[in-house]
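Here's the structure, in structure tokens; my notes come after.
We call the chains A, B, C and D, going by the order they appear; numbering starts again at 1 in every chain.
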Amino acid sequence: MKIIIEKDFEAMSETAKNILLGCMSQDKRINLSITAGNTPVGVYKSMIEIVKDSPNYTNVHYYNFDEIPVTDQAEGITITDLRKLYFTPANINEANIHPLTVENYAQQDRRLAMDGGLDAMLIGLGGDGHFCGNMPTTTSFENLTYKVKVSGEEPWFVPDMMEKGLEFVTMGPVSVMRVKHLILIVNGKKKAEMVKNVLQGPVTEEYPASVLQLHPNFTVILDEEAASKLDR
Amino acid sequence: MKIIIEKDFEAMSETAKNILLGCMSQDKRINLSITAGNTPVGVYKSMIEIVKDSPNYTNVHYYNFDEIPVTDQAEGITITDLRKLYFTPANINEANIHPLTVENYAQQDRRLAMDGGLDAMLIGLGGDGHFCGNMPTTTSFENLTYKVKVSGEEPWFVPDMMEKGLEFVTMGPVSVMRVKHLILIVNGKKKAEMVKNVLQGPVTEEYPASVLQLHPNFTVILDEEAASKLDR
Amino acid sequence: MKIIIEKDFEAMSETAKNILLGCMSQDKRINLSITAGNTPVGVYKSMIEIVKDSPNYTNVHYYNFDEIPVTDQAEGITITDLRKLYFTPANINEANIHPLTVENYAQQDRRLAMDGGLDAMLIGLGGDGHFCGNMPTTTSFENLTYKVKVSGEEPWFVPDMMEKGLEFVTMGPVSVMRVKHLILIVNGKKKAEMVKNVLQGPVTEEYPASVLQLHPNFTVILDEEAASKLDR
Amino acid sequence: MKIIIEKDFEAMSETAKNILLGCMSQDKRINLSITAGNTPVGVYKSMIEIVKDSPNYTNVHYYNFDEIPVTDQAEGITITDLRKLYFTPANINEANIHPLTVENYAQQDRRLAMDGGLDAMLIGLGGDGHFCGNMPTTTSFENLTYKVKVSGEEPWFVPDMMEKGLEFVTMGPVSVMRVKHLILIVNGKKKAEMVKNVLQGPVTEEYPASVLQLHPNFTVILDEEAASKLDR
């Protein structure tokens, strides 16, 4: 594990962008899995400027790592958000986007293996210690990509996004461990305690992201606030 | 995880030998970590025939992954056994042997990183679910190479080999996860139940080898007896 | 370049087989390109025993690296020979065989990139210094996979196999340089002089295989006769 | 080969910097070889801001790829220039700098192999088609790191820098082919013709950099002027 502490959100975003672009600039197919949400907004903003309409990154293929289906919508929450944040403004060719869905999740690990594996994955950290869709109470470390049925009594239950009985899918710990370079970005004071728990505490399913300490090529990029409780 | 089931001990040994020789035959420095004990005896026997006095494998460097010091002896149990089983009969150059000891263990992970990392590691499985020196009751998944002080009350206590207060060292789960190709060999009916526990059961520190399910390039070679309780 | 000299054809074949099986035993998709002809007969004979009907090598995909079409035949000389020597007796699943043809050669390099690249390639050496279909007088080092139109006046013209105007296809020097592990097998006294030329002489299009000296992970396996003119 | 064309020197420098920092941000030892001269000035300027006094890049080791000794000076032209351009302003730890010299050049390839190989190399292009110290009239493609004795009649003879009888050393084509990611930066109209020659012309020792077309992971970054004569 390599921890890079940057002074603020912008510097964190810049460093993550550099890592992704460095990987994408190689002379071979590159498979990337990238996160939706608020944390990567700065990363994508500067990537779009470089990638948009560029002939230089057509070798890059994109995979989402989790998905929550939405009733009456063709696509789920994650891919919809990724389109808005990055794929659409960067004009990514549809043939380079490989959605994970509730329908195809059982083929995800095999498909990735067939495509040569993921070269890099950019993830965030949940305030409850989750990564991808690996939540407290529903994560088993021995899982590949799997489906979770929400009971409605989970500690992380989000009423307006999920209903009782909803199912979502996520790449599991075993799937994520196979990524050649794993990059975690976290910012803000609110997550400082959880950053310490998952990076310097025991590996436990209670805080699923703690398992990432076992990843063989894991770069963590924090802003000063998120790093403020770490033992240095 | 890829599970290869061979008909017997000889076939298991042959397949493990092929994997190691294939790796060693590359045109670059190769760093190997190999296990002592009874399980690899057949592997080393056929490797010695090929490697002994050969100019073809001088690019291979060897590292032991655990060590138990012995009072009044210059070298510990593991390296002494490896010398007997392989290094001495194969005439391995002393400069290519890099012992891990109770004195230098704190530098082991950094040294391996400096040397370019381990290309392959051959391990066995303990009847109690241990791998390397990662024993039930003393293993934490977040460990790099570490030292254990034996209390004498461990379930795996071996009276004639260890005394109360003895210390030994081992590469930990995080260290092993960094190996580029991890190879586990297990034979015999006595270990069939534990093989099932660690390969198809939950990842738990109770059976330390269960964590290996998370390794990104993990080949398991079993004889039919060791595989007899697996769900197929 | 790593040169391994074995005492005879059997030992040469055994070492090549070990390298291929070692690679194939990994826990990921493996893309192999293997040669037709007489030199690999011993390699395939022992591989078939291990691979036939085995569930352990379904992760392996096969690609031929050159092809000579035959009038009135659905498949060309190379793939027909590979089927006879290995694919058919080893019961390789048709879905794991990816023929290169005169029709699809222009997509070969892109297809390989999309599939994650070749992990290993086994090749032989022509008595005239050719490798794959890279012949003296028709090879340019800057070539990816390309098509050659035979004029009938080539020094290597083989009357019963090729006619004037025939076209064949081959992966070029640039394509071969991208293979992660390149393995060359050569046996017999007749090729000893050419072995010296291509491995210890200048890199020149006159002896196309001389360019392989530039490959970053190149293992050469020779029997004593083929190695007899090398400076040691 | 992947060609990235940027609008100007700044954009070219920015992209090269991203690739290097992306590589350096991994959680393992990284071995870099970087070029002296004018072309990389912009790359180093922005790298220094990020790397200087940072704890995040202590895993990076530096190697020069050629050297010209200077009478009465402890260090040669290349390393002296690299110190001025980057090592000194970036406060790189002396233990992370591994000079190539006329004295130690014969060990360079073995040393690099022992250290795990070069992860990336940043090079420039000479107006005469040279790369590193591989000059027209003195380059043989089959060379590892080698020493050149200047006769004084070379077409590229630079009177104020070299004298008749001077010796210099350089990593050769075979050494450079082993680098995991090769990055070439070129800017300016004056080199446009040579850029076309070496990237789209035949592989020939007359223009030594033409051999780089054979590199398996080669990224070329040009400004618009340097790219102005390329067939697109």
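Basically, contacts are C-beta pairs under 8 Å (C-beta built on N, C-alpha and C of every residue); 3 or more make two chains touch, one makes a residue touch a chain.
A quick map from chain label to UniProt name: A, B, C, D = 6-phosphogluconolactonase.
Keep in mind it's a predicted model, so treat the numbers as computed, not measured.
**Student:** Please flag the chain sitting at the greatest distance from subunit C, going by CA centroids.
**Tutor:** A
**Student:** Higher C-beta contact count, A-B or A-D?
**Tutor:** Comparing A-B with A-D, the pair joined by more C-beta contacts is A-D.
**Student:** Averaging over Cα atoms per chain, report the distance between subunit A and subunit D in Å.
**Tutor:** Their C-alpha centroids are separated by 35 Å.
**Student:** Could you give the separation in Å between the centres of subunit A and subunit C, each centre being the mean of its C-alpha atoms?
**Tutor:** 41
**Student:** Can you give the whole-Å distance between the Cα centres of subunit A and subunit B?
**Tutor:** Taking the mean C-alpha position of each chain, the two centres sit 33 Å apart.
**Student:** Can you list the residues of subunit A that touch 2 or more other chains?
**Tutor:** 28, 59, 216
**Student:** Report the residues of subunit D in contact with subunit A in the complex, numbered from low to high.
**Tutor:** Interface residues on subunit D, with respect to subunit A: 1-2, 4-5, 15, 17-23, 25-28, 50, 56, 59, 181, 216-219.
**Student:** Where on subunit C is subunit D touching in the complex?
**Tutor:** The contact residues of subunit C facing subunit D are 140-142, 173-174, 177-178, 201-203, 210-211, 213-216.
**Student:** Inside the complex, what are the residues of subunit A that reach subunit C?
**Tutor:** 28-29, 59, 113-117
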